[in-house]
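In the two complexes that follow, subunit A is the common piece, with subunit B as its partner first and subunit C second.
Moving on, here comes the complex of A and B:
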């Protein structure tokens, strides 16, 4: 198999399987999670002012008082790489073209040099977050195989995409194929790992917020 | 006198090419191939003093586009004249001889220049049905290649078909077409892919061979690095528009009129290694992207099966077939599991026994 065949496989058969598994997994898990339901809470609501599901969705994105100082790497690093990732994935013109061809939706992109800069910042933030996870004994103790694995799954597409654009290490064709394959790996594992928070994060925040609000927990 | 006639420089002089023009040409050629300035002089000396090199050109499964490219589009430039000036001992399209005469010319050329001639091949080699899909004078291309190649000094696989199998090798490859390098393993082979390839690349390789007695530095696909070292995209004059995110969306929108990037219209420039963007075509007049069409990637292996010429490189190569089925299966699995969960919950509820105070005191 030469480079061109590898790239065509990645863009064709590989993508077909990856998107298939991704859709299967996402629908399966979403339906399963949201159909679980919960017993009706028969207690009288002790609604605290401002405590609700919707409020929690927003509130949990803001560091709790004193936490930013206590754990700056988690917050700043986390924010940086999440926003950086979103910019790289959704505002790079070739990616928009892919999304358009799959869904029909499109929007304007950003200049490629800007996305390039954001990719570097994202890579740096992800490395810092990883080093922090290794260095802090508590974080390391809490980390399981899945944490290291999902970090790698997320990191590889950013790194290989940036390397392809910069023509580093391998010819562009090969690196582009590897980049697409790494994204496919991410798509395959996303529904079955903690990466599924991409779909559930706001739903679960709303749920917890609603339960807490009912109990009158001050937010 | 005969000796003098045989020299390349004499042949050029006959056609009105001055020594100065010839020197300039060699210097340009040397710089194009990223050779030091002294190489230009060495090239000029080698070409001026050498006998016209014998070239045998065998056409296999091809469309004659490569021959057209070299003989027509560049005429009457120096590349064309140099091409005229080599001793082209066998080329079916161009030679006057035909039939048995032509075959005799081939035999004679091999005999006279054993181990010294350059063998140019355009077209892929059919291997299906023992090569019967493509025959010349009752012999298959496969047989002919195996017979002639051992006597050549070097082989030039001209065009994407000879270099990688090209269009005949495209799916479903009915003739089991392969490239020259798939058959011949023990000779120096230089691939000059392109559909057709750029004429100056051809003359550059010949000049290098004459001057240094060897083939130029090749990349891992057997192409001269000097011409195939960079991608079309990296040398494209429309590249700034790509970087700014300005793309033509159709072939007749404002973007297209303003000369914006053709990536979204399927340009394969980013994965295509060739010199079109710098050398251009028809004597430097223009090239595909300049004329408003994206690069097809014709100098890359299997370009024909690369997922469509008008699909952006980041788009799926084929329509997704599994997506709809997978979505239905996923939804069904989710529903099935949620029913199972509910049944489990119901069973737990049914099995629940009320604990009384008396039970605890037992």
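Moving on, here comes the complex of A and C:
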């Protein structure tokens, strides 16, 4: 198989396979989790303004009182690479074209040089949070194989994508094929690892917000 | 696997619901919960990271409720939860967790970690892995009627003393009273002034109230140990008493966990909504204050600060009332850093204060309270939980800090003008 055949496979069969597993996996995991249900709360509710599941979904994106100072790398590094990833994935013109070809949906992208810069910032932020995971006793203590593995899964698509655009190390076609394959790997594993927080974060925040809302605690 | 262990694992399986599944699936191991836990911040030991305290429960979730986990279990790739492991986890789930809920308050993905610890205690208790200290408290509450072994005659004796000292009647089993007042044994034994304070406050407000001879103890060690069956027995006593006396409102005393047990868990434990309201005494005082039924005279002039009981403020939503009440009788009321919603626990809630072998750790964790107090240097410390009060007094004594601790209800009552004066 030469690099062109590899690219063709990655764009065709590989992509179909990965997207298929991703979609089925997400659906399966959502059902697996949320079909467990929960008991109705029979205690009398105390309503308070601004206390509900929906409020909490938004509010938890902001660090809790005093916590930014306690864990600045987690917050600043976390914000940077999450926003960076979103920009690289959804606002890079070639990605929008791909999404358009798959779904018909399209929106304006950002200039390529700007996305380039964002990719570099994202890569740097991810390296910083990795170093923090190695250095900070609590994070190191909590970390299992999955933490290192999912970091790698997330990091590779950004790195290879940026390298492909910059024509670094390998010929463009080869690097592009590797980039697409790394994304496919990410898609396949996302539903079954901690990366699934991308979906459950909303449910978790909603649950805790609802419980607090029931008690009249606005957080 | 022993029969009790089997039961423990079964219970751990049963307590897992959609929120818990969602929480475990959302955790990214960021470790921010550790920074919110006084047992971690004061010891620096990462094993006290709140989410780590749930590791056995997480594995049960993974092995029983996820496709991949079940596959791994089938081919023998997963590590089963053992009795020895749960034994090892006792320190993490009880001694070093007061169910204070700061971890739940800061988790960026919204995991209600303390909700899960409460659930995990059900399995710990069923598998025989709860600490001896809390087991004793539960046994005494079930057989004698209170965790400290207080019986009705002791309550009656205190009632008599208080009636003589205050010149006000202490009604017992008065049917149709508006309020049924609950006590914690701590108040019956150590702080009888609380009962006198209630008598004065109710007298001034012109409200009818009563104690109940079959339900005077509000604390719920069944909830603290994590045994819903026993917690239900204890709550049922109060429900039966309140319904027999046809009261409108049951007043939870100055005790954080009694409030959570009755206000939020109670109806769920007995499986139906209550026919009466449940309010913490501070909520009742807040209402009296708003309605103009609470009138005080004079002010405390020394520097006072307020320690928010976790179950009242963070887990109970009562935050403003105590501040309005403080300002009603105090000229020099200062707030500690992190006061209110994010206040730090005394270190002895959730049954932890009943665990003898946890004392050293508790004293270590108290350094957090010490630093909060050092920041404002108050003359006295006011709170609204008898258990906090005892734990605070122990910690203050250990660190040789001369700061008396007082209950807010009593302090308010001291400012109620004498009748006819």
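In this section, the second predicted complex is superposed on the first by the 212 of 219 C-alpha atoms of A that agree within 3 Å, B and C clash if a C-alpha of one lies under 4 Å from a C-alpha of the other, contacts with A are read in each partner's own complex, and residues count from 1 in each chain.
Following the convention adopted for this analysis, contacts are C-beta pairs under 8 Å (C-beta built on N, C-alpha and C of every residue); 3 or more make two chains touch, one makes a residue touch a chain.
These numbers come from a predicted model, not from an experiment.
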| item | value |
| --- | --- |
| Touching partner for A:29 - first (subunit B), second (subunit C), both, neither | both |
| First (subunit B), second (subunit C), both or neither touched by A:172 | first |
| Touched partner set for A:20, first subunit B, second subunit C, both or neither | first |
| If touched residues of subunit A are counted for subunit B and for subunit C, the larger one | C |
| First, second, both or neither for A:203, with subunit B first and subunit C second | second |
| Touching partner for A:105 - first (subunit B), second (subunit C), both, neither | neither |
| Set of subunit A residues, in rising order, touched by both subunit B and subunit C | 28-29, 32, 35-36 |
| List of subunit C residues in touch with subunit A within their complex | 16-23, 25-32, 34-36, 40, 44, 46-47, 49, 51-52, 65-68, 104-112, 115, 263-268, 271-274, 277-278, 314-317, 338, 341-342 |
| Contacting residues of subunit B [partner subunit A, same complex] | 231, 233-234, 242-245, 247, 263-264, 270-271, 273, 297, 300-303, 305-307, 311-318, 320-323, 325-327, 329-331, 333-335, 337-338, 341-342 |
| Residues on subunit A engaged by subunit B in the complex (per definition of touch) | 2-5, 7-8, 11-13, 15-17, 19-21, 23-32, 35-36, 93-95, 97-98, 101-102, 108-113, 167, 171-173, 176 |
| List of subunit A residues in touch with subunit C within their complex | 28-29, 32-39, 41-44, 46, 48, 51, 56-57, 60-61, 63-67, 70-71, 74, 78, 136-144, 147, 192, 194, 196-197, 200-201, 203-209, 211-212, 215-217, 219 |
